[in-house]
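Labels A, B, C, D and E are assigned to the chains in the order they are written; within every chain, residues are numbered from 1.
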Amino acid sequence: MSIEKKEFRPKIVAFCCNWCSYAGADLAGSSRLGYPADVKIIRVPCSCRVNPMFILRAFEKGADGVIMCGCHPGDCHYSTGNFYARRRMTLLFSMLDYIGVENGRTRVEWVSAAEGVKFSDTMNSFVEKIYSLGENVRLGDLRCRN
Amino acid sequence: MQRIGVFVCHCGSNIAATVDVSKVAEMALMEPGVVHAEDYQYMCSEAGQAKIADAIHEKKLTGIVVCSCSPRMHEATFRKAAERAGLNPYMVEIANIREHCSWIHKDMEEATKKAVILMRAAVAKVNLNTPLQPGESRVTKRALIIGGGIAGIQTALDIADAGYEVDIVEKTPSIGGRMSQLDKTFPTLDCSACILTPKMVEASAHEKIKIYTYSEVENVSGFVGDFTVDIRKKARSVDMDKCTGCGVCQEKCPSKKAPSEFNRGLNNRSAIYTPFAQAIPNVPVIDREACIKFKTGKCGICSKVCQAGAIDYEQKDEIITEKYGAIVVATGFDTINLDKYDEYAYSQSKDVITSLELERVMNAAGPTHGHLERLSDGKAPKEMVFIQCVGSRCSDDRGKPYCSKICCMYTAKHAMLIRDKYPDVNVTVFYIDVRTPGKNFDEFYRRAVEQYGVNYIKGQVGKVIPQPNGKLLVQGSDLLDNRQILKEADMVVLATAIEPNPDVRKIATMLTASIDTNNFLTEAHAKLRPVESPTAGIFLSGVCQGPKDIPETVAQAGAAAVKAIGLLAKDKLMTNPCTAHSDELLCNGCSTCENVCPYGAITYEDKEVNDHGIREVRRLAVVNSALCQGCGACTVACPSGAMDLQGFSNRQIIAEVDAICR
Amino acid sequence: MSSKKKQAELIEEISGVNPLKCMKCGKCSASCPSYNEMDIKPHQFVSYVINEDVESLVNSESLWKCLSCFACVERCPRDVKPGKLIDAARQMVVRQRNNTYLSPDEVPELLDPEIPQQLLVSAYRRYRR
Amino acid sequence: MQELINRAKELLDDGTVARVLGWRAGDLPYNPEPAYFENAESLKDFVYNGFCGANLSKYMIEASKLEGKTLVCLKPCDTYSFNQLIKEHRVDREKAYVIGVGCKGKLDIEKIRAQGIKGIESIEGAEITDEAETLKIQTIYGEKTCAYSDAMLERCHVCKGKEHKIYDEQIGESKETKDGERFDEVSRIEAMAPAEKFAFFKKELSKCIRCNACRNVCPACSCRKCVFDSNKFDSSQKANVDSFEEKMFHIIRAFHVAGRCTDCGECSRVCPQGIPLHLFNRKFIKDIDELYGEYQAGDDTDSKAPLTNYTFEDAEPSIVGKRG
Amino acid sequence: MKYSYYPGCTLRTKAKDLDDYARASARVLGFELEEVEDWQCCGGVYPLGTDEIATKLSSVRALNAAKKKNQELVTICSACHHVIKRVNDDMKNVEDICTRANNYMELDTPYKGETKVLHYLEVLRDRVGFDELKKKVVNPLKGKKIGAYYGCLLLRPGKLLEFDNPENPKIMEDFIRAIGAEPVIYPYRNECCGGYISLKEKDMAKSMCDKITESAEGFGADMLITACPLCMYNLNKSSAREIPVYYFTELLAEALGVKEVQA
């Protein structure tokens, strides 16, 4: 039996703030609230540590979706980090949308340490979205030279 | 090149049941830099830690990856183990293959694949780790307690008894909190005041405790061990030192129309007042909104009658700045606003009251002097209906999604006390579930039913219908008998949901303590660190962390005190070495990073640099690592990439990204 | 998928109600003005859907006694909206079986000179396809 | 121009400035280039005309390190960049003597060529003092004409205004050249379907030869060492032509200057491949204006930049998907 | 001020009074009701299934007509108000319904819930203002004790209609005060009269109406006012009690001194 077409399994990178959503993911885990294995989490001290370069890098290396999770606005462990992150990501996502990259591939969600359910729901819906979008062709393809 | 050892934990079957741990170890050996890999049942056990130590010695490891549970669980354990074996603790990284993998995936192959990727990411990161040295910071040996209720008082007493100074900041004119408003307490029916007032007195007399009443925390800066706090002492208009607490001013005050906060607005108080007779300090305050002198300039009777000359209309708010090593939040709760529950006729009928109001009605010092009577006409009720879960367990935006936890018990208490004191009064309780976990709690509830004949009906009330004759028609359902009930009552008591004190969000923001969607402060770990905030140096006491009754509050207050004492007992603290650092050769001196730093940790200096032979003086960013908390905001703001974060460097994170997307 | 299950899912879809959110507090039944006329009580609707017994639900008298007054919807603390389930069940009856609770023949005898148009219009919409 | 030269001579002579930063005539009538003039005599090569599009602010970074003051000629739009550089502590205000020079729109030789005018020998009407609406161009094929505004750079059609934001003195009149809307082009792209947008940018970006002209000319790209040249981000293969930056260079560059870019348009002007690079920067400016309130980088030297600022009520990133 | 106006089927026929008084009063109060051209009946019941589209289209047409004129859409009948406001909410917030409805309608520009729907009472409260109304009253209805009967359709679902507090409304009471009478607050004023079932379940309707009128009389009301022709019919027909029931617009016209002009 030969496999003609490989099943699409997306690569999804999730940047999670150590103080909220990373703990939220832990809570989702200990509560056994599943979400697809396609999601891989990278721990950062704060959403404001997430450089747009990291997100572009992930796409360039073949990620099909990138999600960033931080503390709810006003609840940042460092007071203001997520406010800066919010502006940075808004502008970055808008730019990606502008150059024709599907907006659904990027997302920001605020998930607190207590929101294991929200974490799992968020990941499930994000993964579902990425499946519906299929493989990320455009971002990986956006280069100067063909 | 690093020499990395990878250790894969089975966590019994927690990991091993869904992740092929030996496969993960096997794959690890194929990663660059990895010279050793093994799996073991419990890596966190002594034997497991010994394996790590042995490997460090035998294989001359320079870096460690432990594939195990969340770093929030055992990162510290493994770092200490590595340190004991002579490795810099910051050369250890954790791949979270339990919470983020084995526990949420069912398919072994899939989970194993993911575990391998997580391991790779950790290895890629460790390849770029560098040894880090934590700095030291001092500890101010004084604690601040925000909130002077039973939680705050107990925590303060416990810390003070251990020999440390404690300040209590209380917003209202007296300490005592909600507990001072209660009449009796379950499940023993002690008089609340009788057990609380001795503690209040003890706190006020304690030489290590300073109490700021009628005061609020205005600003908090600094960090664990070294917080600087501004406290606003609101103008009391009464000199604390001169006042003898004789009470004449309150008697003579002609303005007696202000609703009494202490009696939940059921009766009025004078404009100059102490909230209740046993108030501590026993010094009144002038409510400037209600005071005739402040409103019209005329009056001044209190000043005239005060023998001690303590009245001071000119008094102003005062800001006090103090240093603290630890802060305990004990801000307590209030009942929710019932504006959105008009079907219960709370705003339409005076005879529909909340349970906390009933406490005041039952209390000898309350508006009815302890007589159970209707507030509309003063008549003794014959039929009382209690409605449970008013605003609790609501997933809509009218109420709270959680169980308020205390209502089932205090309703049983109320029902029992009423039946005991007024045997001719019928008591009916509409409930959804009766929840009585706790020592002697269910027995207590059963006594209400069996011994006192309280009528419990399973089913919620749909509407309370005031009748022209002044009675209240309660329309409820009896789910067990499958019938709709129309019951005529004289009084209806609503077991109103409790919520954290609305001010707590502001306080949490000042403290950078995390708070959940219901405004309860989040604990560092739901099970293992229940009285600590994830923010170091902040501790939680009482209902600010979640609904609880008095015994639980007191227990938690003691626990919070012990945690605070543990911190105050240290002379020095190790600081987090994961701080920002600027590369002098790349820094433009543009000040962008300075603008986003929440700690003022970045300053600029003119420094001479040697840039590949060019010597020149440049304006450069300098990070004060004692102030830097390591958020990383500056690293992204920096256009040139000069600013980087130790432990979470650009290259480390990119290496993780690459490993995941490989 | 069994047809029973399909029916239950259909009713969830038409109504947009998730019956699993119900905590069985009975506030709907406590609020219902038609309670005494109903054979299946408002708080029981969710159980019928959960137990996939849509058959009993669509045959129940309650469908025609519900006033669509939304008292249960307004007061439900769990956002379950039992009234919408009844509406959905009624829809299933009028849609699937072309079964009508109101036939044109019986209308004349029900009429009186003051009846507002909207009553007839709404009765038709509620009771007939 | 002569007034400018005379004044420069004066200032050099009385020692107020040690050098003059301006433009020198090039080998062709339309390619003057930025240059330092150390003495009165050398000013004979000084030129200021419609082809002096180059923004001299960035040169002041190096000039700030030199001994003595530098006289710098800044057009109204250049002063925004200069202000921004002051704000970022990249230039020393004390080391600059700013002459705000008049501008009546700068010319784009490509636009002239696009009209079929080749073999250019000389151009008349490009002088800054000249009120002529028409350029007279002598070519090897004879005299050709071209309306001044038809030969203007795109950026001049959406000119930010003829006011100098910072100067020590002003010489020459400026003229309003704005006859278009700054964000029209961006809006047009925003309205495209995703595939269309993608095709558009892919086509444009595929022309890039990574010559770095855009980066070199950009006054906001003033980093001592560009992240693309350091090893701070890339953990591997620098030499790989296919590497990260290759693909993302222009997006990252635009992001790095977001909130700092004054929209001077130099990037597009200098691109040898004619890539409309300003469309990236202007998209960020449009978003910033719409989401966080109007902001013009370089308008002043002390306001908070949009990316180092926030409000509690800021839009959520999901707004991008919502507004479609 | 001009509003688009959706009278609805009953106001064109059986409840002509409600309509006439409303228009006459509007003129006095300085606003104009422009009837939506070719309006179609709203159906009287909000389409129950979430998957129903066709039955929502008549509302969408009226809403779109108002949008084109850039006017707010005013309704008087409680049922029309309920149906149109809820359909409008669907068009605004339920993507699926919006897309499908627009597919049916084939409009030049899709309708996305842009129109604001106002009940006549809301116009009085939010646009005219009860204080302003009070000033225009020439025959204050002094001494009249009036019970407001809201019923169910005006108020619920409260979150969606955003008309008033569904459990303790006050807009009609404020209205009663504005026209110089005394409002009587009684607990059954937001309970359903059973209007929808009054065709077939006469006994049920009677028992419900009796509860309402008994309660209102018990608290001292001399009369009831309503905004709903169905409630009006039902309370008159089904209740054993004699308490008179009026459209609120009739009392409004009376207070403004334009009742006789109409009649």
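Observations on the structure shown:
FYI, a residue touches a chain if its C-beta (ideal position, glycine included) is under 8 Å from a C-beta of that chain, and two chains touch if they have at least 3 such contacts.
All figures in this text were calculated on a predicted structure; none of them were measured in a lab.
Between chain D and chain E, the least number of touch steps comes to 2. The chains touching chain B as well as chain D are A. Identification of common neighbours of chain A and chain B yields D.
Counting C-beta pairs in contact across B-E and across A-D shows that the higher total falls to A-D. If you average the CA atoms of chain A and of chain C, the two centres end up 43 Å from each other. Between chain C and chain E, the centres computed from C-alpha atoms are 24 Å apart. As a whole-number value, the distance joining the C-alpha centres of chain C and chain D reads 69 Å. The set of chain E residues touching two or more other chains comprises 167.
Residues of chain B in contact with at least two other chains: 343, 463, 596, 637, 650, 654, 658.
Counting only residues that touch two or more partner chains, chain C has 71. Across the whole structure, chains are in contact as follows: A-B, A-D, B-C, B-D, B-E, C-E.
Of all residues in chain E, those touching chain C in their complex are 8-10, 12-15, 41, 43-45, 47-52, 55, 77, 79, 151-152, 155-158, 166-167, 191-192, 194-201, 204, 208, 229-230, 232-233, 236-237.
The part of chain B that touches chain E in the complex is made up of residues 341-343, 345, 347-348, 397, 463, 465-468, 473. Interface residues of chain D, counted against chain B in their complex, comprise 65, 88-90, 222-227, 230-236, 256-257, 260, 304-305, 307-308. For chain A in complex with chain D, the touching residues are 51-53, 56-57, 60-61, 73-74, 80, 83-84, 86-104, 106-108, 138, 140-146. Residue ranges of chain D in contact with chain A, taken from their complex: 186, 189-190, 192, 194-202, 205-210, 227, 233, 241-242, 244, 246-249, 251-252, 254-255, 258, 280, 283-284, 287-288, 291-292, 306-312, 314-321.
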